[in-house]
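In the two complexes that follow, chain A is the common piece, with chain B as its partner first and chain C second.
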Partner chain A sequence: MGTFVMPSLGADMAAGTLVEWLKQPGDTVEHGDIIAVVETDKGAIEVEVFEKGRIDELLVEAGSAVPVGTPLARIDGEANGVKPSATGPAKPKVGTEPVRATPPRPSALLVMKGQGPRASPAARQHAAERGIDLASLAGSGPDGAIQLVDVERAECIRSEPGLGSGPDLSAMRRAIAAAMARSKREIPHYYLSHRFDLSAALEWLERYNAERPPPERLLLGALQIKAVASALKEFPEFNGFYGEEGFSPFPAVHLGTAIAIRGGGLAAPCIRHTDTLTLSDLMESLRDLVARTRRGQFRSSEIADATATVSNLGERGVESLWPVIYPPQVAIVGFGSVMWRPWAVKDEPVVRPVITTTLAGDHRANNGHRGALLLRRIEQILSEPDKL
Partner chain B sequence: MTYQEARSIVIEEIENIAPDVAPVAIGDTEDVREALDLDSMDIYNLIAALHKRLEIDIPDKDAAQFVTIGGAARWLDEYTARQ
Partner chain C sequence: MTQVSYREAVRGAIRMAMQADERVFLMGEDVGHYGGCYAVSQGLLDEFGPERIRDTPLSESAFTGAGIGAALGGMRPIVEVMTCNFSLLSIDQIMNNAATIRHMSGGQFTVPVVIRMATGGGRQLAAQHSHSLEGWYAHIPGIRVLAPATVEDAAGMLAPALDDPDPVLIFENALLYNDTADVDDAVAVDIDHAVIRREGSDISLITYGGSLGKTLAAAEELAAQDISAEVLDLRILRPLDEAAILATVSKTQRCVIVDEGWRSGSLAAEIMARIIEHAFWTLDAPLARVCSEEVPVPYARHLEEAALPSTEKIVAAALAVLGR
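Take a look at the complex of A and B:
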């Protein structure tokens, strides 16, 4: 008999709201199955189960906010012994708040650290169902908490077209705030910058794309991610996690990629075994990941497993960025926008597409000398794109 | 395909790719990356969607024309006129 508990989906997460059960008592589950949707500071996240068996009983009702570690379901590991499942809805056992509580009142759940926007569960559910961004609302409840009535009022006056449902940007903003504040508080960052000629990669990309139909083409971002992942493989002190015991390098590179979400959201889920993928597989994974992230459908493990991160400003950004490490990682690589600039080739000034790449490193785990070699290696990899 | 037909298709596909934006609210010559906050992945997806829906090849060198609704509609209009 196993117990499925509210997972910790990040160092700053103290609690989560069980939004939806995707499995019911009697269902069999395999390792890696999505069992529930949990709302955290990082938005709604699909949670996987790492056990094989049959769901015996659901211990927490959808809509409940519970601390990390709270048992959520009992899973019978003996899948052959079919036991009668609980009849009727599962009885909530722990720290629950009725979804349709009227009127919503402040409770300990609302002020728990890392709990997300100050909103009642009823307001939150109502807003989620109608695609209303809680961040856009003013709360009329105690301490400015958003109540059901606030959401209903917003619904009446909402006239903007095209507002779809997506990740909870207000919760996401809090997640960014918590993670970045912790990063700046705890991580002794150092920064390096390197500007180089990107002609070879861009010319290669142009030739590659010219021969292929639209769905098989690549974006520069895929080359950048592959180059960083390949370089990290050679610099293990930049790839892994910093914990109580200090730094632990991780054998595989699961590179997180910062994905901007219109309206101000940001998340950095990872692509697994990034360095081993072909460019076309990597592009496919990236397309899928961006699409899911913007719908708020990335998985818990995609955030928690990232071993390092890349942040790319894209084509409309500025020349360089000074990224902030996402703890417990120890490095983040940034790419500014490609800029056409005067460039010296031998003795002659020419105009070339140049890019500035930056590294923020955690000085507890690595140092600037090796960081410089890492950035030079990224340049070298991108200057020989046919080897990617 | 007329310019107006092409324009409607482009707007529809932008709405499919980015359900949270309102392409009908912007002008034909506005850069959708600025006006709607679309990025290179969105433009990539737009061209792939038009390729699939209309069963036409859109050369990568013409991709830059697809950053405005008018540019995309004109390209599609001229392409069908050539066929």
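Take a look at the complex of A and C:
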């Protein structure tokens, strides 16, 4: 038996309001199912469940605000015969399966890819563009496949008046204020900067995109995210969380991406297992994430699990940025705009597209020597784009 | 406009080409005195004489090679190969000579030969006379491959084929020779583009040659079930009109390809690959195809019918794609 508790959807979150239950007693749930919607400073967030089983009892009514950690629902473990107890968790007997604390994460993505809803490419694309979760749809196609018509139907239903359509920006601003103030107060930041020639990556990208229709093209941001994720894999002291017992590296790279929201909001949800995705899958995830984030529809795992963050000023025409670490993470990598600059190649000055990469590191967890190697590694990866 | 058969349309096209250009001549097995094994060239010997309607020995490699040589020498030969099954004897000439000489001579020589051959099954002529090998030829760079599926295309494709400075292969499905239609005497057909034979919005049926009629019949049956099928006739198997394929699939988002060739390594496989390469995100269902069963085409009528694409098979494939 498991207890589903109010999750912490950010280091600064103390309480949340349960807006809506999406599952009812008697429903069976799978790892990754969306069970409820929780309102936080960041907006309404769809919360996933990490247990498998049947919902036994809902302990909190929709509309209640409760502190993080409050039990919200009891979930009966699947067919293991354990009866729910009325008060307090029973101590597991020696030899029985321990209460699942963390699910086996590395396989989560593969499971989703292989056994996710069967959906046509057209349906997937349409759903991704509109931020509709395929898992919430029923398919009418061959073998129950989700087709375009099913997504369009869901879209009609959703576009009817209901929950607010965008995030509450003033609340989001308060959340950013709290997190960043805590970061600057607690984290001894150090900064490194590295400028390098980006022509190999840009030429590769141009060739790649020239052969493809617009929906399949890649943005430079996808290459940067992939390069940082791959580099972090080799520098574990930059990838993880700093908690009460110090730094613990995290085995997978869930790279957060700072996404600006029109009107002044900012969120950094992550793409899970970033380093294992192909560039085209990564680009697809990124498009989906950006579209949903701008509407304030990200999932609990995306907002709470980021192990490091990338901040990218893209085409805003500024050469470099000095990012602020998002606690409890211990590193953030920034990319400035690509600038055409005089550059020395051998002993000749030439004009090259140049980018400035910066690293803000948490000195409690890592240091500048390794940080420098990390930035150099990012340069090296971006200079061999065909290996990405 | 006159009512003509596919056979008469091909004959008329040959006659007009020979009248228009002294360099044009026809050669092949039985094209002269016998009038062609499918009676395409009946009467032409009397009209043009043995210099221009030439019977050849049973030697596909030799007379195809002679046609290529004549083309290099400035003539405009039309070579008839009785069926594409026999053309394998001349494939060395077609592939190693006709298709390559322009390239290997650095553009100094071209080979303006037209090679016509019958293709397809359905006439109880057993395996060695019934196969559809046009997909193999569509694999070869340096040649153009045409598949006239209508009387109009049969009448209008020869002239632009003869005008093409490079080798052109025309595959005439033998089941079509008796089809009739009203056709303009001097019809002009472009040999670059596929054509939509029926507009539709729910599913694309892509086909060519002898399967067009079966496919249009399938579209009619689907219409009776409120399914609007678009039928694309490829007409040109090489170079494929990729834009037309992608346009129809992007429009309907579903597709069945009908190809009388065997499915492994087939033209249908190539079309599927291109759709996946360029139109993957528009698809709303897996692609499907109806090809010949992977056996030598049988002699017995019921077995032959079972081996070849049929209207029923096309309807069934379309319904499966639509989840009906």
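By our rule, the second predicted complex is superposed on the first by the 299 of 388 C-alpha atoms of A that agree within 3 Å, B and C clash if a C-alpha of one lies under 4 Å from a C-alpha of the other, contacts with A are read in each partner's own complex, and residues count from 1 in each chain.
Following the convention adopted for this analysis, a contact is a pair of C-beta atoms (placed from the backbone, for glycine too) under 8 Å apart; a residue touches a chain by one contact, two chains touch by 3 or more.
Not measured: the values here are computed from a predicted model.
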Touching partner for A:Ala260 - first (chain B), second (chain C), both, neither: first
Which superposed partner A:Ala123 touches (first chain B, second chain C, both, neither): second
First (chain B), second (chain C), both or neither touched by A:His369: neither
Touching partner for A:Pro213 - first (chain B), second (chain C), both, neither: both
If touched residues of chain A are counted for chain B and for chain C, the larger one: B
Partner chain in contact with A:Arg287 - chain B first, chain C second, else both or neither: first
Partner chain in contact with A:Lys346 - chain B first, chain C second, else both or neither: neither
Intersection of the chain A residues that touch chain B with those that touch chain C: 213, 215
Residue numbers on chain A that touch chain C, as the complex places them: 120-125, 140-143, 145, 147-148, 213, 215-216
Chain A-touching residues of chain B, taken from the complex the two chains share: 15, 18-22, 24-25, 33-34, 37, 39-41, 44-45, 47-48, 50-52, 57-61
Residues of chain A defined as touching chain B within the complex: 160-164, 166, 206, 209-210, 212-215, 217, 219-221, 260, 262-263, 286-287, 290-291, 294, 314-316
Chain A-touching residues of chain C, taken from the complex the two chains share: 253, 278, 280-286, 320-323
